[in-house]
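Take a look at the structures listed below.
Look for subunit A in each of the two complexes below; its partner is subunit B in the first and subunit C in the second.
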Partner chain A sequence: MADIALTPPRRPFVARYPSVIIFIGLLALFTIGVTVLSEGFGIGVISTSFVKTLGKTLCLCLVALAMDLVWGYCGILSLGHMAFFGIGGYAIGMWLMYARTEIIVRDSLAAAPLPPTPQEISDGIAGQIFGVVGASEFPPIWAVAHSLPLQLAAVVLVPGLIALVFGWLAFRSRVTGVYLSILTQAMTLALALYLFQNDSGLRGNNGLSGLQNLPGLGHVPQSTLSVIFLWASALALGLGYLLCAWVVSGKFGSVIRAIRDDEARVRFLGYSVEAYKLFIFTFTAILAGIAGALYYPQAGIINPAELAPIASIYLAVWVAIGGRGRLYGAVIGAAFVSLLSTWFTGGQAPDINLGVYTVQWVDWWTILLGLSFVAVTLFAPRGIGGLFDLISDRRSPDRHGADLGPGTGALQEKEAEK
Partner chain B sequence: MLCFVRHVILCSVLCFSAAVPAVAQDIGAPIQTLLQTHGEVIKQSSRRTIGPAIDALAASGLDDAKTVLERWQNKEMWFEAETGVFVFAAAAEGGMLRLFDVAGGVEIGVTEKRPYKQLKPNSGIRGLISAALVQFQLNDPDPSERAKALTAIERDADASHLAALRGAIDGETVPELKAKKQRLERLLTIRFSDDDADRITAIQSFAGDLGVDVRAALNPLVATRLDVADTLPENAMPVEVGTEDLSRARAYALLVDKELAAAQTDPATLRDTLIANIDAGTVAGVQVASLDTDDARMAAYAALAAQGLAAPLVTEADVTAALEAFQFFEVFTGAPVSVAQAAQRALSDIETRVALNQTADLALDALSLASIYFLAAIGLAITFGVMGVINMAHGEFIMMGAYTGYVVQLFVPDYTLSILLAIPLAFAVTFSAGVAMERLVIRWLYHRPLETLLATFGVSIALQQLAKNIFGTQARPLTAPGWLDGSLIINDIVSISYIRIAIFVLALLFLALFLFVMKRTRLGLEVRAVTQNPRMAASMGINPDRINMLTFGFGSGIAGIAGVAIGLYAKVTSEMGTDYIVQSFMTVVVGGVGNIWGTLLGATLVGTLQKGIEWMNPSNTLAAQTYMILFIILFIQFRPRGIIALKGRAAEA
Partner chain C sequence: MSTLLEVSGVSVSFDGFRAINNLTFQIGAAEMRAVIGPNGAGKTTFMDIITGKTKPDSGSVLWGEKSVSLLSMSESRIAQEGIGRKFQRPTVFEDQSVADNLMLALKKSRSPFAVLRFRPSSEDHDKVAELADRIGLSAALHRKSGELSHGQKQWLEIGMLLAQDPRLLLVDEPAAGMTPAEREHTTELLVEAAKTRAVVVVEHDMEFVRRLDCKVTVLHEGSVLAEGSLDHVTANEQVIEVYLGR
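And then the complex of A and B:
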């Protein structure tokens, strides 16, 4: 694997990938624009809640980027990346909740006649956090919740390790294609079901709440925090985009695309397919974890329903609608669909009166989404990103047989002969 | 005292009897005399004092006693206020009373109500009377009355029943009732007999009996009490401290209760004592601000104790020393030692049998769960297993079938008829849905499995929301016909509901149907040909498009019927499909794609596994599902192609 990174680029990286520069520029413009229009730092045209929505959308774009890397480039349709996203959220949420409760408990114990012992403080925090599930002691999983650096490490390490172990098991036994998808979905379901139990140590279906209140920053208004989180999310997205673009460029990128197109052939050429896949799977899981860690402080609450398999399916929907196999496609898809979804389900979309029946978008949006997903899969496998090909007049590489295109790129040639 | 009262009553009866109009009753009859003996308590009508009166009536052996008890219970017994003579009475026309003699029930005449008072036994007394009536009912000529009496004793047995029961066995003519009486007699012997040898014999006769009543009779006998002493007394069973049976905290609490040790100083007391003794910012000379560790607090408390300002500090070490100094043991409290030990032996024997039977029950449960998974997966075994098309909307087809059943029941109120209608209708609905989906979506995506997966996901999302829009989010009932209610009870432990048996039978039928269609019909032959090599099949004159469409429709239709069956057993909601889709795929993948026997094995494995894990941790079905999925993920590591892997040419198809 190491030889890939050392391969000297033929031309400067940005020159070969102008879309990266354009994307970073647009992202910067967007962030500055929102800041200027925000309540916290600017003229107050955009409400704080909408700034939060935009910040959350940037995080969703980041996880969509990860999904695109693992699915669009490497051909692994993972239905588990939203679980990694959720784990990242849980990891940061544990610290947020612990630290905030610790401040509250210390304040209340400060009034007591005797200075509190460490045990009393710990018991107080545990009672506050786990009262809802009828427990009063810290489960072992909270052992490092008091430490921000360790929990931040957990944001990266826990999804990474789960992905590493799961991926190693799955790829080693050559589980591919739809089998792998179903297996990842089963993993997600197992994780969600586990978290739903009250004795999972993470407050069962209550989840973690109050995450929008940063410990020690109680005096800073949410309008300011929301913009700061927007910057952080934009920074993460920008860096993530650069990283992903760098990963898919050069020889490494060629190998993973080749794995997508014909795994067996790459294996016969002597590449360790499993190692490449494992790297991509783990790397994208970590990206997803980071995105989740940025998302949930803005959302304020996380519960096991966020990890349900359907969330990961929606992630695939975003990437497919945006156009997989191109990084900006994933970002466009996630931003477009999730914002549209917010608009429709938020009750802002006007109802359509058909005379006998009034179409209320709160009820019908999901149906529209499902059907348009089918339509995109059938008629526009390149998604929204495909529109850019019309402008740039980009063509798919000329291969034997029928046109494979990015949408059919995962095909073996013999299958495309039809 | 009692004699005196009786005399007074008898005197008053004699003196005032002349005042009663048209009385020709036999006040000297034995039953009346007996009633008069207990006249005071009967009139007092208090549950606490009535006992002897009822017992005397029951034990009198008089023919009239039964009638008296029954009528008394029915509030038909009256007494004349002045004389205290008891009569039966019924309301007569014009607010009058029709009187009958308590002896023989002969009519006395109609009279004014005023001089008579009605006995109104409360529910407690009526209960006592029914208990007393039992012995009469046990010898009743009507067998159904006798059976009723036995049931009454089973429900609420009493020491007094034992003698009555023993007396009623020999005369019993119906063999079943005789067996029941004998069994009950032995149970009552265990509970109430004074003769230990009798009790032990009765206990031993129940060895290995699975009845709940036996365990209910034996369990109180082996009740124990935890006690503590310096040395172990005779017949006591020593208990180790710090084990699961006896925690340190509980053992020490017992010592404190018995005043053999002082209570341990818990952190709260320690804190409160320190707070109470704060003096100008110090406690026993220690600065308050420095008391922020447990050690510092304990030191300060010890100093307070030394000054006599607090109870002595009892530390963990003191507790350990105290616990070691005493012997903890249990003694039987429910019965004499020999009886209790016999009961314990019998119970442990029963326990083993119960465990065996519970295993059998668990196996039945697992089997029925397996048949549900099999039902849910068999449609998938066709579309995914045979055709290789991954259909994520399969769960929604199951849901559509269940909702079809629900809608049919809205129009056809007869449950048997509606289920019989619903099954073909559900097949028709989901068959059409499957055909439509194959023509519109899947046909364009053959050879693109990942995209098929995604597109069918889209369909699944849309269908689920559509069902939510039409039927709402709350669960809809799909009621099973009456003849499927209840369960087949093999003994007190092993039982299985008829619905589960029906689902099992349905699963077998589907298996047979699948095998028949695939192996014995033209369609099956063509399906196998098309899945193996579509072009070759087309050259032979088979239309692959048509065959694919029909196969997919067939698989979907079976999912619809499975939906009706599952709806009978579980709730019908728009999300019921998602509950089964992952398990169904797991069943097919674990079993081995493309082989129906594999699917059967897969369903059995998954069902058994889930029940097994649930049994190990019964409180937590969520955890059971989690562990089962993890197990399956690991299982696929070792047999990636499932239990039955296809070999050779079929595997490549």
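And then the complex of A and C:
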């Protein structure tokens, strides 16, 4: 019995997880391919707006990865991760808007007979940015908007801190399951409603706009910038994938999957379930914030509607359709569903004329999406990613000639093969 | 013999129902004890109190040489102190392999950051292999534990308990649903474990208790009715009345 190799030989990380190296390879090929076909760097087959769509899709894949870690692996159905995504976008958007407006204000004041004072410049910027909400002074949360490093720190710290405090309160009280989902959704809704107010200091429902124009890079055409953002998004997704794969591959992954399956039992093994959940919740919130900070400069505009609970529900749908509990499943789901959604809602899908009624996909797409979500949940709980099980080595396990069934009277392997 | 766990005057009630009523219980550092009692006698609640799942209304639970109170500790903290628990229904992580289950239970630092950096050494693999051998699951080491038979899952859970290297094992109906041969093996495992640590076995099956050959505590309506050898307690009039019945 004991003669079977009990200690599996140590192999390099990528050899044990071939899907990681395949994923990174495909991502690199994709990025190079799009670059070659782009207007900015290549032969111009793909339009700049489509390059931006692809770049944004990579960011959505990154936030889906975060969602898979927190939901698929740790079992926390968070309906708040798109809020962290939005906060990341706001954090970078504040600097982008401030710095670009500053250049405009300086240029316009340069013609004046006296050089402008710092106060005049500051007032000018505030007037430009907050004119739409009837204010002309900087609210306190814009205190560090002039500094790129500090706003970049905010991309990571603000989602991280909100997740840390919220998670600490929720997990400590042992809120689980659907109640936790409702709590996260309430947090998201509260945040969105707060941002909708004009006196929130973030321009109310106007949101932040003009984010596609990078300060100081006005002479660089969007066709070039779009490809650079695509690279940055691909790099972030690749690194995020490696990091997530590393987190879930070892004993940590074993613990969080155990928490998903039976958290009381994990507690009696001596693991502090709350600490693990808090770690994963905060880590994925930071990941979502980074994804958002790369997404919104490509989208050009962010407003509070982006943080609404429905966005986080869509995120859960992507991960479910792609296949939760496997990292590439989340990426496939996000890419597939969000690109399909762009196609359907962009008016490109041909309408279907049924004679008495014309199916217009702009209206019917959400119904199709809802039906596919129900169908996947009922008939293919492993999602699209589950298709890979058919071709990969996830076949029935090698039982080493042991009995096939539970009892000793069960069919033996050598009998079954006759 | 030094006392490892001392439960004194503990009471707990749920919605007015007294599940545990002024219960007092002691166990030494290397001792086997069987706890028997009819349904609703408070056996599971008793374990819940020791492991921190239920907080008692009154009384004290003292642990170890320094007599620290367990009442203010969380479940995970109590488990780290060295109290392992096996549930009535086998609860192993079915989606993970036998080796992963054992590795999860192996006595190591439980902090998230330590676990994140943890990579098993060959020594750890050896320990897992040795445990698997003891519970008769060597050949199934890389199978998903969900595929195991009921009895094998029970053993895996006992193996996970041993991997934790606890000073006190609380075992709830270990022989439920086992074949006679499996019971034999389970008895051996528990008797072996009790040589170096304290083992509390909650069991319904008198034959199994007889085989454990240890001191028996009879619970009834949340308090201790009788204590002593199996022959002693089964001769007790009250015990016969409430438990063995007629």
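Quick note on the criterion: the second predicted complex is superposed on the first by the 383 of 418 C-alpha atoms of A that agree within 3 Å, B and C clash if a C-alpha of one lies under 4 Å from a C-alpha of the other, contacts with A are read in each partner's own complex, and residues count from 1 in each chain.
Just so it is clear, a residue touches a chain if its C-beta (ideal position, glycine included) is under 8 Å from a C-beta of that chain, and two chains touch if they have at least 3 such contacts.
None of the values given here were measured: they were computed from a predicted structure.
Asker: After lining up the shared chain so the two structures overlap, which partner does A:Phe268 touch, if you call subunit B first and subunit C second: first, second, both or neither?
Answerer: In the superposed model, A:Phe268 contacts subunit C only, not subunit B.
Asker: Looking at A:Ser136 after the superposition, I want to know if it touches subunit B, subunit C, both of them or none. Which is it: first, second, both, neither?
Answerer: Neither subunit B nor subunit C is touched by A:Ser136.
Asker: Is A:Pro116 in contact with subunit B, with subunit C, with both, or with neither (first, second, both, neither)?
Answerer: It touches subunit B, and subunit C stays clear.
Asker: Per the contact definition in the header, classify A:Thr358: touching subunit B only (first), subunit C only (second), both, or neither.
Answerer: So A:Thr358 meets neither subunit B nor subunit C here.
Asker: Taking the superposition as given, does A:Ser108 touch the first partner, subunit B, the second, subunit C, both, or neither?
Answerer: After superposition on chain A, A:Ser108 lies in contact with neither partner.
Asker: Just subunit B (first), just subunit C (second), both, or neither: which does A:Arg257 touch?
Answerer: The answer is second: A:Arg257 touches subunit C but not subunit B.
Asker: So which one touches more of the residues on subunit A, subunit B or subunit C?
Answerer: Counted on subunit A, the partner with more touching residues turns out to be B.
Asker: If you stack the two complexes on chain A, which partner ends up touching A:Ile313: first (subunit B), second (subunit C), both, or neither?
Answerer: Once the two structures are laid over each other on A, A:Ile313 reaches subunit B alone.
Asker: Between subunit B (first) and subunit C (second), which, if any, makes contact with A:Phe279: first, second, both or neither?
Answerer: second
Asker: Jot down the residues of subunit A that show up as touching in both complexes, subunit B in one and subunit C in the other.
Answerer: In subunit A, positions 407-408 sit in both the subunit B and subunit C interfaces.
Asker: Which of the residues in subunit A come into contact with subunit C in the complex?
Answerer: 1-2, 4, 6-8, 247, 250-252, 254-255, 257-258, 261-262, 264-265, 267-273, 275-276, 279, 397-400, 402, 405-408
Asker: Touching residues of subunit A toward subunit B in the complex: what are they?
Answerer: 75, 77, 113-120, 166, 169-170, 172-175, 177-179, 181-183, 185-187, 189-191, 193-194, 196-197, 199, 309-310, 313, 316-317, 320, 363-364, 366-367, 369-374, 377-378, 381, 407-408, 410-411, 415-416, 418
Asker: For subunit B, which residues are in contact with subunit A within the complex?
Answerer: Residues of subunit B touching subunit A: 267, 271, 274-275, 278, 288-294, 297, 390, 441, 444-445, 447-455, 457-466, 468-469, 578, 582, 585-586, 589, 620, 622-623, 625-626, 629-630, 632-634, 636-638, 640.
Asker: In their complex, what parts of subunit C are in touch with subunit A?
Answerer: 51, 53, 74-77, 79-80, 84-85, 87, 91, 93-96, 100, 103-105, 110-112, 115-116, 118-120, 122, 125-126, 128-129, 132-133, 136, 138-144, 147-150, 152, 160, 164, 179
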